[in-house]
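Chain naming follows the written order as A, B, C and D, and within any one chain the residues start at number 1.
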Amino acid sequence: MQNIIDDIAAQMALMSDKGKVASYIPQLACVKSDQFAMSIALPNGEIYNAGCAQTLFSIQSISKVFTLTLALGKLGESIWNRVGREPSGDPFNSIVQLEHEQGKPRNPFINAGAIAIADIIMQGHQPKETLAEILQFVRFVANDDSIAIDEKVARSEHETGDRNASLAHFMASFGHFQNPVSAVLGTYFHHCSIAMNTMQLATAGLYLANNGINPLTGYPVISAKRAKRINALMLMCGHYDGSGEFAFRVGLPGKSGVGGGILAIAPGKASIAVWSPGLDTIGNSKLGTLALEMLTQQTGWSVFGD
Amino acid sequence: MQNIIDDIAAQMALMSDKGKVASYIPQLACVKSDQFAMSIALPNGEIYNAGCAQTLFSIQSISKVFTLTLALGKLGESIWNRVGREPSGDPFNSIVQLEHEQGKPRNPFINAGAIAIADIIMQGHQPKETLAEILQFVRFVANDDSIAIDEKVARSEHETGDRNASLAHFMASFGHFQNPVSAVLGTYFHHCSIAMNTMQLATAGLYLANNGINPLTGYPVISAKRAKRINALMLMCGHYDGSGEFAFRVGLPGKSGVGGGILAIAPGKASIAVWSPGLDTIGNSKLGTLALEMLTQQTGWSVFGD
Amino acid sequence: MQNIIDDIAAQMALMSDKGKVASYIPQLACVKSDQFAMSIALPNGEIYNAGCAQTLFSIQSISKVFTLTLALGKLGESIWNRVGREPSGDPFNSIVQLEHEQGKPRNPFINAGAIAIADIIMQGHQPKETLAEILQFVRFVANDDSIAIDEKVARSEHETGDRNASLAHFMASFGHFQNPVSAVLGTYFHHCSIAMNTMQLATAGLYLANNGINPLTGYPVISAKRAKRINALMLMCGHYDGSGEFAFRVGLPGKSGVGGGILAIAPGKASIAVWSPGLDTIGNSKLGTLALEMLTQQTGWSVFGD
Amino acid sequence: MQNIIDDIAAQMALMSDKGKVASYIPQLACVKSDQFAMSIALPNGEIYNAGCAQTLFSIQSISKVFTLTLALGKLGESIWNRVGREPSGDPFNSIVQLEHEQGKPRNPFINAGAIAIADIIMQGHQPKETLAEILQFVRFVANDDSIAIDEKVARSEHETGDRNASLAHFMASFGHFQNPVSAVLGTYFHHCSIAMNTMQLATAGLYLANNGINPLTGYPVISAKRAKRINALMLMCGHYDGSGEFAFRVGLPGKSGVGGGILAIAPGKASIAVWSPGLDTIGNSKLGTLALEMLTQQTGWSVFGD
């Protein structure tokens, strides 16, 4: 396994086209594009790393996996009244579908859906309390209390967050929100700004590879059935309108973030985190996707066949 | 396995809401709704049946799996210039996306995509020759030379096929078609009218569960890599705008047909065919989906975890 | 003329279906639906009234005619870089077209377009100053210094203005705004809350019926060419996705407001204001439209023939 | 008047950018782009001509004005059950709106709407009989029995008519058609291929400028009310998604054809035909629009003010 991952990292270093770092959030635009890290966490506790696996990056939309888990834990299947579970066929920040479907987002992984999940989790509490709860949960699944929010990134997102504000106000106009729009946006921008490295992120995803149980602590995070369902949603919707391409090439449930990270789950086998800040045209990590494609080819970990 | 499948069939018989038989193709509307069949074919050659597993039904859109396999075999990855591989987020017969994307269908499993695949396969030949080739291929993978097209159904589809004719002419208006629209439609309507029973269909899907090799004959049908990719497409797009729901509940690559059949693949484990003509509101077999959901719960065959 | 207008008012009083008062702005929902007023101002200074022509109502979107005039006066044809001049074919608050056309609204009379015009007029000033300027302009064309903003309505709009906030943030996300979103919305909500009666409103529209010159004062408000163009825009876009219907039935340039008012212009002949708070399903005054239809039938004032 | 029209023609001859001749119908692509003609017919029988006013051209979509008149005459207001009367905001051949609105076209001047009108007129007859009726009507209003269909153009349209076939089949799939799709398309392609010169066309439009009565013969063609309504529809929808621009610049009801012709109506004053085959990007005659803009500026004929 260490050979495989080292080999992948070596090949990534040779790639000339590393994609383009996201520029619409100024704070993310500063990150250097020639960085790469990959970590593979196994249910037995082993973890394999390559590249700068200890460098923190902004997990951005990958945080949606954790807030969805939290929302399911707190409110169960009732959350599906507020958010659908179908791929949208549209970009991550599209608003067209919201108008056609009365303010109900297609799934919890597009921005509108994750903003709705933030509203669901809050249950009348302040952003601060909700963020403390989210952070506690991420620390729990990652088994690492040092994980924190990067306030600079959160502020940067807020300042350039008009598109997300538009989505939130649009949903609120249908009377769907239980908390003030500004509070929900504050929660959303901050949980997207959690900083992690690939070691922490791979560890944090283990419960999804292990039927809902954190294998390091033995604690159940979520039921096996819900772990499967989150994996299904990750495969169907985790890469926006590039989800089909990711399933086609990589063949694993995965969730990307605009910071260049991807969390991928090989059910029963491994939780994999990869990071490279350069993005493809759809907004998913270019080298990250390529590295995962190579990994599943060599390990036979695709859910669609060896 | 036989116990599991018998139990499922028994439970299905008790269901009061069996869905609604498709009415827009008159010939399909005659089928009685209280029928159910399920067949599970294993790579080792074993096959388990329940219900009326020898009753022929119209496989309809399930035939798209076979024409896609054929097109990939004949023309390789170049077919992706003509057809995308993303979920559409739209109903099976939607034309909106075609206008927004210059006549290129999102994937080979929505009607527009399958019509484009029919055009690709024809390569200037007549519908008759192309249909002979498709039929030969289906007989080969099903290992059964008795499989045939139901001409009555084909004629019925033709007479009520305005929506499909609209899709075909729309694509042709972009200069994408290499064959006359009427010939392509003739091919499409006929391959959708292939009649099979669940035993034949489960057997026919085995190559997708077995890395591209037909385990009964040992013949390679398609490369392992392509088998995986077809499975990925089935999971992402096989149930139209109900694909997310199917992944969420069943967790297997699957392709539904408006005749009430579903072909589902558990990679490395089994090929499953189920048939019950009553449909849900999206157009997928109601009891068929439910039976598959029960099966994966009891066998742990979901690709997303045990 | 007085006979005609009295007769129309009498007939309106007999109508059993007076439409439904707008409910989404709570302050507007209080207005009683069985009110009707009509005023016809002629370029020679005569004015004919019927019904409660002195009762103040919220002019709402009719204010967009005045802000457009002001924006054209201040910035000339350059405003068309920010706002189009085609009918949208969509409801007044639709956001779909904005996504398809990179945040540029189709015309200045749908909400998004009027919000963009508010941003254009502000030119870095505070809402207060801008509103003073708008109010001064409306008083000038109406020749009446008593006209004011109804602060209760403005506040009510603000509280329920999520849809408009969504539109504004959406446009701002393309970098189109020169002023803070909240300031632009404040300006927009307040100018929509100007209260006028039909006498004032009919008088205020006279410059559009008189080649841009206020016939009461002799002052030029706008060039004759621009007056024609504003009339063209009112005919094409003044009633949202009911503009075709209004042109078909009434045949005059007109602008409706959700408060139940309509300003209609018979070029060279008259400026007509009508008010009845009950709306049709599209959001235009039900009796107001009917009254105007009767008026153009009896006067031959339609621009499309006697 | 002769001076005005001569002056306009002279200025048109000097224009360097004459637009691009339509290329998607091969037979139209042969027409030389540097041609210009203009005819102004007055209700008193006078007619003023400039340029090649006797050269025949394909009237294309301008024929939709005559088929709409015919349909209203035959079936009255019931036609509005099949076709709407709102601008679509979409290109002439768009299908998106049809899907969103269950196969009912927005108005009779977009292609889908005119195809529906062709179906309405046929009433079970053969295309030949229907075309004879349409031709007879056009000859009647133009007071010229020499007007004929250009069969070469009709055939060329048929061969490249996939987009229109798509629209027709789409509507037929909702069960809206009373005649076979191929017969309706045959009727449509042929009436679009009527050849006329600007003298004939200006004369043919006189009934719309004269309250529904043909001033040359004194025969009523249609009621005054319906003439107004057709004018309203021409203004709102006659130039597809360029209708707003035409109203803004020219200010007259008008209908354009892809052959480069435009028929414009100044109610009570004149019927104007202009022809120049070069088109703008939306598909309307470039010089034709410019010539009409100059005409209304100099004559004060705009319906929106002198």
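As a convention for this text, a residue touches a chain if its C-beta (ideal position, glycine included) is under 8 Å from a C-beta of that chain, and two chains touch if they have at least 3 such contacts.
Because the structure is a prediction, the values reported are computed rather than measured.
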**OP:** Identify the chains in contact with subunit A as well as subunit C, in label order.
**Re:** none
Original post:
Measuring between mean CA coordinates, which chain is farthest from subunit B?
Top reply: C
Original post:
How far, in degrees, do you have to turn subunit B to put its CA atoms on top of subunit D, rounded to the nearest 5?
Top reply: 180
Original post:
Does the subunit C and subunit D pair touch with the same residues on each side or with different residues, judged by whether over half of the numbers are shared?
Top reply: same
**OP:** Please work out the Cα centroid separation of subunit B and subunit D, and write it as a whole number of Å.
**Re:** 47
Subject >> Intercentroid distance (Cα basis), subunit C paired with subunit B, Å >> reply: 55
**OP:** Could you put a whole-Å number on the gap between the CA centroids of subunit C and subunit D?
**Re:** 32
Subject >> Junction residues of subunit C, two or more chains touched >> reply: none
**OP:** Specify the contact topology among the chains shown, as one of line, ring, star, complete or other.
**Re:** ring
Original post:
Okay, what are all the chain pairs that touch?
Top reply: A-B, A-C, B-D, C-D
Subject >> subunit A contact footprint on subunit C (complex, rising order) >> reply: 94-96, 98-100, 162-163, 165-170, 172-173, 181
**OP:** Quick one: which bits of subunit A touch subunit B in the complex? Just the residue numbers, please.
**Re:** 84-90, 97, 106-107, 208-209, 211, 224, 227-229, 231-233, 235-237, 241-245, 247-248, 251, 253, 267-268, 302-306
